[in-house]
Amino acid sequence: MPSCEGMLGFGDRVKTVKEKRALYIGRFQPYHKGHHAVIREIASEVDEIIICIGSAQRSHEIENPFTAGERYLMISKSLRAEGINNFYIVPILDVNWNAVWVSHVESLIPPVQVVYTNNPLTERLFKERGYEVRTPMLFNRKSFSGSEVRRRMLCGENWEELVPPAVVEVIREISGVERLRELAKSDKAE
Amino acid sequence: MPSCEGMLGFGDRVKTVKEKRALYIGRFQPYHKGHHAVIREIASEVDEIIICIGSAQRSHEIENPFTAGERYLMISKSLRAEGINNFYIVPILDVNWNAVWVSHVESLIPPVQVVYTNNPLTERLFKERGYEVRTPMLFNRKSFSGSEVRRRMLCGENWEELVPPAVVEVIREISGVERLRELAKSDKAE
Amino acid sequence: MPSCEGMLGFGDRVKTVKEKRALYIGRFQPYHKGHHAVIREIASEVDEIIICIGSAQRSHEIENPFTAGERYLMISKSLRAEGINNFYIVPILDVNWNAVWVSHVESLIPPVQVVYTNNPLTERLFKERGYEVRTPMLFNRKSFSGSEVRRRMLCGENWEELVPPAVVEVIREISGVERLRELAKSDKAE
Amino acid sequence: MPSCEGMLGFGDRVKTVKEKRALYIGRFQPYHKGHHAVIREIASEVDEIIICIGSAQRSHEIENPFTAGERYLMISKSLRAEGINNFYIVPILDVNWNAVWVSHVESLIPPVQVVYTNNPLTERLFKERGYEVRTPMLFNRKSFSGSEVRRRMLCGENWEELVPPAVVEVIREISGVERLRELAKSDKAE
Amino acid sequence: MPSCEGMLGFGDRVKTVKEKRALYIGRFQPYHKGHHAVIREIASEVDEIIICIGSAQRSHEIENPFTAGERYLMISKSLRAEGINNFYIVPILDVNWNAVWVSHVESLIPPVQVVYTNNPLTERLFKERGYEVRTPMLFNRKSFSGSEVRRRMLCGENWEELVPPAVVEVIREISGVERLRELAKSDKAE
Amino acid sequence: MPSCEGMLGFGDRVKTVKEKRALYIGRFQPYHKGHHAVIREIASEVDEIIICIGSAQRSHEIENPFTAGERYLMISKSLRAEGINNFYIVPILDVNWNAVWVSHVESLIPPVQVVYTNNPLTERLFKERGYEVRTPMLFNRKSFSGSEVRRRMLCGENWEELVPPAVVEVIREISGVERLRELAKSDKAE
């Protein structure tokens, strides 16, 4: 009986699956301790974890303040700081065409056996393509969310406790809080 | 005196107009009895009706759950079931550039003499190009609308009575209601 | 044992396969008797044939003189003239991203069981997605080819014998030969 | 010590800066007396002012009723009417990728030394690229705004007093108020 | 009898035609004395000339070395140097969709009554939309062509005599010849 | 005196440069021993090397047979096999707009101090942005090139000796040679 792997990848490529690889998809605006806890756990269970930075072309918006390159740095520094090396980071642009989006991701990454996500659309799209999709438990979800971190940045509250130390460092160096506040100024005319 | 047809099509192409052709543009999320009644009537009056599926690239969204291919199937099965054969179906992608959108449609379809639509923007754009545009009367508009069908699907109410039988069949086979409900789950984290 | 159909379509959609449907993909610049013979034969063997007009956005080029709308008309008139009604025509834009192209086509058409094409790239891409692909025998291939038809148009030779009568009619009405010759003039400056 | 100009332009191009050039970016939906007052003042202080029409591809929307060509005409007629000739107008399409947007603008215009804008995002993006950005004082900002002009058009109030005479003329000739009202009609079905 | 103007522009916009406006479309890689002679003559015959910079997004290629901004500067400096002020310059991106290209241009510029071009495709596309198109005589066409100017730049011959003095100045300041030569180096590996 | 670093990155982000990072850009169709030797050497000299996979959207072409995901696998397996861990791999889509391409790359990667490339266009574009660009010496360039590897695959010669062992393994598992040969079949009709 053919294994389920036949539906997972692109064409013959899937035969190459020997390592166990997982895919984690998020926007990471910014990378916080909720992401970090989940990714550390997945990384300890698989040979390699592919971390896709979604909406890679978005930045300098209230909901998406950081560039893909800046998010890349937050993730890699935080994981390296803990001695984790079995990860890959791949920026993924929005295609605004849901029915081809999984193909788009598949063409940019090595084949994976399982997908982790907390986004219902991502979950559905990968499921319809035949993937096993898991939705990780998020501890203390109310605090550890991107929108809470951004809210605290805007209000001058303690956002630093919600993210790994390396992320604090990156955001300080790029004047990230100042950027967010300037973007939040209301348009003066137009 | 030159006829008005000189403004309708693309270059010399318009001379080819011998058959009477009408254009109907909609999103069909999903195709319902309101669409069906109007299209049957138009089909009986013209030689051929071109049915354009707008926003063809959208799917797997609460407001746009179905792919263009799935909508294609709903329309063609419903019309064939009634013995109607003088129709064409053309998926149209959004171009997000209103001033070129009519040209975009014209380049993909045979020339038409009249445009039917209930969308004010489509109406205006075709009028500014010199087309005759008609806005079909919709009976019982409150029930026969895409948003009402989707609302009933989400709430577990009787949506089947609002669409032709062939559409019920298609949506059942693609697990369309299940898809819509999964997409409606609130994002668990990000 | 799961059937191969599980790999053919997009998600659950494939369960809807009851009719036998075939896909034929070509550029049809223009539609000629070689295409016509093959499509008539396929149409007689399946319930429905989906005819995809590839490179739909191309026109007004020496190699691609006709718009998708004009090609649409050539195909539909030629088939209707023979009493063939079990076909659909779908314009497909180039995406310039081969690895997502099959997904793109799948999202725009009803599910199909077999793909016909004489283009090696199309053949390979559908095969890697798990489709059955057939390459139709083309009789008298040297004459019945789009490039031969265009060559004869430019040289003032008898191109009409290579295409169905309805195509002659369409091309005459749009002044297609004149268009091709004007495009072939060498650029006068720049 | 290297001057700051080294960061302003694209590559070697910046050496060409001899004239004093300013950039003013707006959407101009429509061009009103607030824009006009600011541009007249800037034009009197620099050798040349580059006026970028942002969101050039948008038109026929309630918030963006006019095409780039129509906005072009409003601006050029209003300035010419006052004998102002030291301006350039450049339509700029949205790229929806903030981090590359400044590069996009730079590639389409002559090099500039200072940027004027009232949009916080434009301000931030040019600042991060090292530009000097100024936010012009807008007198009577509440009245002289695009949204107020559009509101008055929809409500039948006196919008003409808010725009230069040449803009009244352009909007009358294109039936701009009628267009806006038709677009504002609620969708009758879908 | 309706005048031909009814077919020239976009919707009602055409009524605004009072000034006599001409459109000249070229790539200007670079702007040379052939372009200059033609544009000076057109400018003396009409109220305003719109100069469209085609393929605006192309630069840093052997055939297209200069950015739209650099070409803008070449044209405007050359014309201003002769006291010519009744021109507009509009960068036009390639859309790679010939059948919608005229609409695209129309949406970005004021309405025009006549189009000048030496490119057969541009000529055909505007003709099919109903425009009057003229192909200006080019004196000494062999020398005054973009390809000859670029050839001389690469070979170290006298290219300066083929372009207006202001263009020499711009190209020197941006190290344009050096750029062209570096791009012409054959790829060392890949 | 400000250091050159001020020109290297995007806005304030560059202050974050503490690690020494190099950028290597290639298409890797496929990854061969020439690439491998250079990257190993660079990796030994810097803290981190960013490897950008150019033309990421291209695959299934004679000149570009492999997807970005497949190339990703070739590179990562080859480097991991030698115990090299201080690298990142980032797929980069073509933007077909040279003047914004560097900005595009900058927005997707962490800031770098030096760029390695053998492509003259990449070299020029990064130089014009103020980057230090180095063109690595390639030993035995004639053999160690992507085109030579592809030629040998097509002709049935020994291509395996030109690539690292991990690449042989990946290409075998995806039936890469068979894919290339099928793509090379001449089009049978069209």
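Letters A, B, C, D, E and F mark the chains as written, and numbering starts fresh at 1 in each.
Everything below uses one rule, namely that a contact is a pair of C-beta atoms (placed from the backbone, for glycine too) under 8 Å apart; a residue touches a chain by one contact, two chains touch by 3 or more.
Keep in mind that what you see is a predicted model, and the values were worked out from it rather than measured.
The chain with its Cα centroid farthest from the Cα centroid of chain F is B. Contact count check for A-F and A-B (C-beta pairs in contact): higher for A-F. Among the other chains, C has the CA centre that is most remote from the centre of chain D. Between A-C and the choices B-E, D-E or C-F, the pair with more than half the same contact pairs by residue number is B-E. Chain B and chain D have centres, each the mean of its CA atoms, that are 36 Å apart. In whole angstrom, the spacing between the mean C-alpha positions of chain B and chain F is 45.
The residues of chain E that reach two or more other chains are 10-12, 57, 59, 67, 97, 99, 106-107, 128, 179, listed in rising order. Pairwise chain contacts in this structure: A-B, A-C, A-D, A-F, B-C, B-D, B-E, C-E, C-F, D-E, D-F, E-F.
Interface residues of chain B facing chain C in the complex, by the touch rule stated above, are 10-13, 15-16, 56-57, 59, 67-70, 72-73, 76, 85, 88-91, 93, 106-111, 170, 173-175, 179. The touching residues of chain D, counted against chain F in their complex, run 1-2, 6-7, 10-12, 97, 99-100, 102-104, 106-107, 127-130.
The touching residues of chain B, counted against chain A in their complex, run 57-61, 67, 179, 182-190. Residue ranges on chain D touching chain A, taken from their complex, read 26-27, 34, 96-99, 118-121, 123-125, 128, 135, 138, 141, 144-147.
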